[in-house]
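First chain A sits with chain B, and in the next complex the same chain sits with chain C.
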Partner chain A sequence: MSPAYFSALRDVIVHGLPVTVEVSFASMLIAVAGGLILGVVRALRNPALDAIVIAYVEVLRGIPLLVLMFFVFFGLPQLGFHFPEIPSAIIALGLWGAANATEIVRGAIFSIASGQSEAGSALGLGWLQVMTSIVLPQALRRMIPPFMSLFVAIVESSSLAALIGVRDLLEIVRIKVENDATLWLPLLISILFIYFLINYPISLLSQRLEKRLA
Partner chain B sequence: MAMVAMSHVRKAFGSNEVLKDISLTVDPDEVCCIIGPSGSGKSTVLRCINRLVSIDGGEVIVDGLSVTDPKVKDVDLRRRVGMVFQQFNLFPHMTALQNVTLAPRKVRGLAGAQAEETAMRLLAKVGLREKAQEYPAQLSGGQQQRVAIARALAMEPKVMLFDEATSALDPEITGEVLAVMRDLAAEHTTMIIVTHEMGFAREVGTHLVFMDGGVIVEEGAPRAIFENPQAERTKAFLSKVL
Partner chain C sequence: MPLLAAARLDFSIVRESLPELGSGALWTLEVTATGIVGMLLVGIVGAAMRTSNSAPARGFATAFAEFFRNTPPLVHIFFAYFALPVVGIKLPAFVAGTLALVFYQGAIAIEILRAGIEAVPKGQFEAASALGLSGFEQFRSIVMPQAFRISLPALGNNLISLLKNTSLISAIGAIEITGVANDIIAIRLTSAELYLTVGAFYLCSVFILSGILRSTEARLARYGT
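And now, the complex of A and B:
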């Protein structure tokens, strides 16, 4: 391997990796928080609120993530909302993740037998107490595997941010090869390996959590 | 004053009229057993009493509180009414003890230690003191149902509802649950029991109700009805189950 490769790889890891991790992690937080809130709202079974949440979920899941990112970064400024590259990527990925997470949370909540909330209600617990003490603790276990898949998808999709100029792993590679096209292959293989190193622990964690909570 | 007074209660699920003009009075200390074929509306009667089901017409008064009065809060009604379900419905992520202390802590606002003391006393009462730290999955069906009874009693209800509490149990272990219910009857707990256990209804019940097709066909003293049913439908039902 040439010194040029190692020098480029160093920049990829030092500058690109933290950005990929930042975009991914922030998006996961938005996805989890948004998904929990909207999923619980769905459990209220209020027709008006349902319609709003369903519309959000269907729209966000029905458009390409890259188009959403372009919309936030290139489109919203025309409406007066300016976000820098990284926040734009996080907003788009977070909103997309939240839509998917909403379905995960809703599915898990509705998978808990109705007898559970009925027993809680019969004991005098209010709706929120039934939710927080009885339904969610059981539902959370069922959310773990699909959430881990979503986290992996978020890490992978964070590379789309390169296309709006976010200097993540992929974008730093692209910058490095501008002067030396022979670096394409070794650098791409290198970041594939780095993506794998981020995602594999998530899969391992999922398997362990699943076993422990089964 | 009656503990539970239902008058002209009607309830339909869609076009299915489940309760047609049900009037039933249960006095304090009574053990009222409701029998009848499946689909006759027995369970729905219980669910109207603690508002798990809202009624379409008529009135239900529970210990002086009207279930149709919007000013009466769910919690005030449900604190007075304990319920035991066919499928136990224990909370699987909590130990037996936690199942019993949950509502006293959250609803009655008892401190942890006080709730646990009461819970241990109730678990002892149903013969499961040594199972307090076990999870429902580690308990047999009969043990789970006894925990569920302790859980309902922990709210110190004025009336206990049993919705086919032994129907999901193997015949050889229904006895342990019925024994607990017998003890409660001996302590003058007011109970309304939907059951297929005719022997229990006859021996422990003080008031028997036979329902069919959403109406009360016949009611009275258990012994009288079992020995000398008046209505044809009661006779036909009893001849099948006895």
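And now, the complex of A and C:
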């Protein structure tokens, strides 16, 4: 391995990795918060609200994340909304994650037997109390494995941010190979392993939890 | 504000670029169709290895599936197009991109089909060997058809994910529909209309594909589960 490789790898890790982590982590927060809110809204069974949430989920899950990210970064300024690279990536990834999280939360809430909420109402609890103290605590456990799979998808998809100029792992690699194309091979292998080291433990934990819950 | 914003859109650029967008759309569908075949091939062979009695085959299939599904498809695409030439393998953008997607979605398909195979009742395997079928015959005519039916909903999601992920190959210059839009935008410097149009194309394609998948599921459900 050449010294050029090591100095490039150092920059990839020192400058790229924190950006990948930042974009991924911020998007996960938006995804979880958005998914919990919209998933609970779905549990209200209000036809008008349902229609809005379903439309949001179907559209965001029906278009490629890359097209959404390009639209946020290149298209929105034309409509008067300007966001820099990193916020654009987080907005796109967060909105996309929230759509997927909504389905997870909704599925988990509806998987809790209706007898549970009936028993809650019979105890004289209001809808909100039934939701927060009876349904959600049980549903949360079932959400954990699919949420972890979503986190893996978010970390993987954070690489798309490189295509709008965010200096994440992949983008720093792209900058480093400009002077030396032979670096493509070792640097791409290196970041593949970095992504794997982040994602594999999450995947493993998700599989374990899923087995235990089953 | 949204109304004011919408007034700034001018869709005439979409009408003018219709031939290019149409050819891009065909490429997207072609890559998706090729990818589906490749993904199923990788998935079936990988799942067979993953559930076989041979430890090396199991180990290889497990490592393959875990590595590819836990790393970004966009990086696989860059690897196939930019890193492979370093070791003397030069592939055109469409081929490199499709191959990379087949590996990523194939790795996910291996896990889906493995779960499907494990869900096939034990008695089916025993009955198959009692009939004197060879290992391959058992897999092909008894286990796989049932595992496939069990796996179909998850496989369907993977197909839809593949269709959307074909947009990633625009990053290496393949001119499927997202790439076409990017090229037009680079010249015309107006993007919102084109990305909305391309988004609508994917949305329609996803709806049609999931409709086909649902009717296939319903048709196969006749054979029981």
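Operating definition for what follows: the second predicted complex is superposed on the first by the 204 of 214 C-alpha atoms of A that agree within 3 Å, B and C clash if a C-alpha of one lies under 4 Å from a C-alpha of the other, contacts with A are read in each partner's own complex, and residues count from 1 in each chain.
The rule is simple: contacts are C-beta pairs under 8 Å (C-beta built on N, C-alpha and C of every residue); 3 or more make two chains touch, one makes a residue touch a chain.
What you see is a predicted model, and the numbers here were worked out from it, not measured in a lab.
Contact with chain C, but none with chain B, is seen for A:Tyr200 once the two complexes are overlaid on the shared chain.
Once the two complexes are laid over each other on the shared chain, residue contacts for A:Leu170 go to chain C alone; chain B is not touched. Judged by the touch definition given at the top, the superposed model places A:Phe6 against neither chain B nor chain C. Once the two complexes are laid over each other on the shared chain, residue contacts for A:Ala122 go to chain B alone; chain C is not touched. Taking chain B and chain C in turn and counting the residues of chain A each one touches, the greater count comes from C. Touch criterion not met for A:Phe110: it reaches neither chain B nor chain C.
Within chain A, no residue touches chain B in one complex and chain C in the other. On the side of chain A, the complex with chain B involves touching residues 113, 115-116, 118-126, 129, 133-134, 137-138. Residues of chain B that touch chain A in their complex: 50, 52, 74-75, 78-79, 81-83, 85, 87, 89-93, 102-103, 106-107, 148, 151-152, 155.
By the touch rule above, chain C contacts chain A in their complex via residues 1, 4-6, 8-9, 66-67, 69-76, 78-79, 82-83, 85-87, 164-168, 170-171, 178, 181-182, 185, 190-192, 195-196, 198-199, 202-203, 206-207. Those residues of chain A lying in contact with chain C across their complex are 59, 61-68, 70-71, 74-76, 78-80, 152, 155-160, 162-163, 170, 177, 181-182, 184-185, 188-189, 191-192, 195-196, 199-200, 203.
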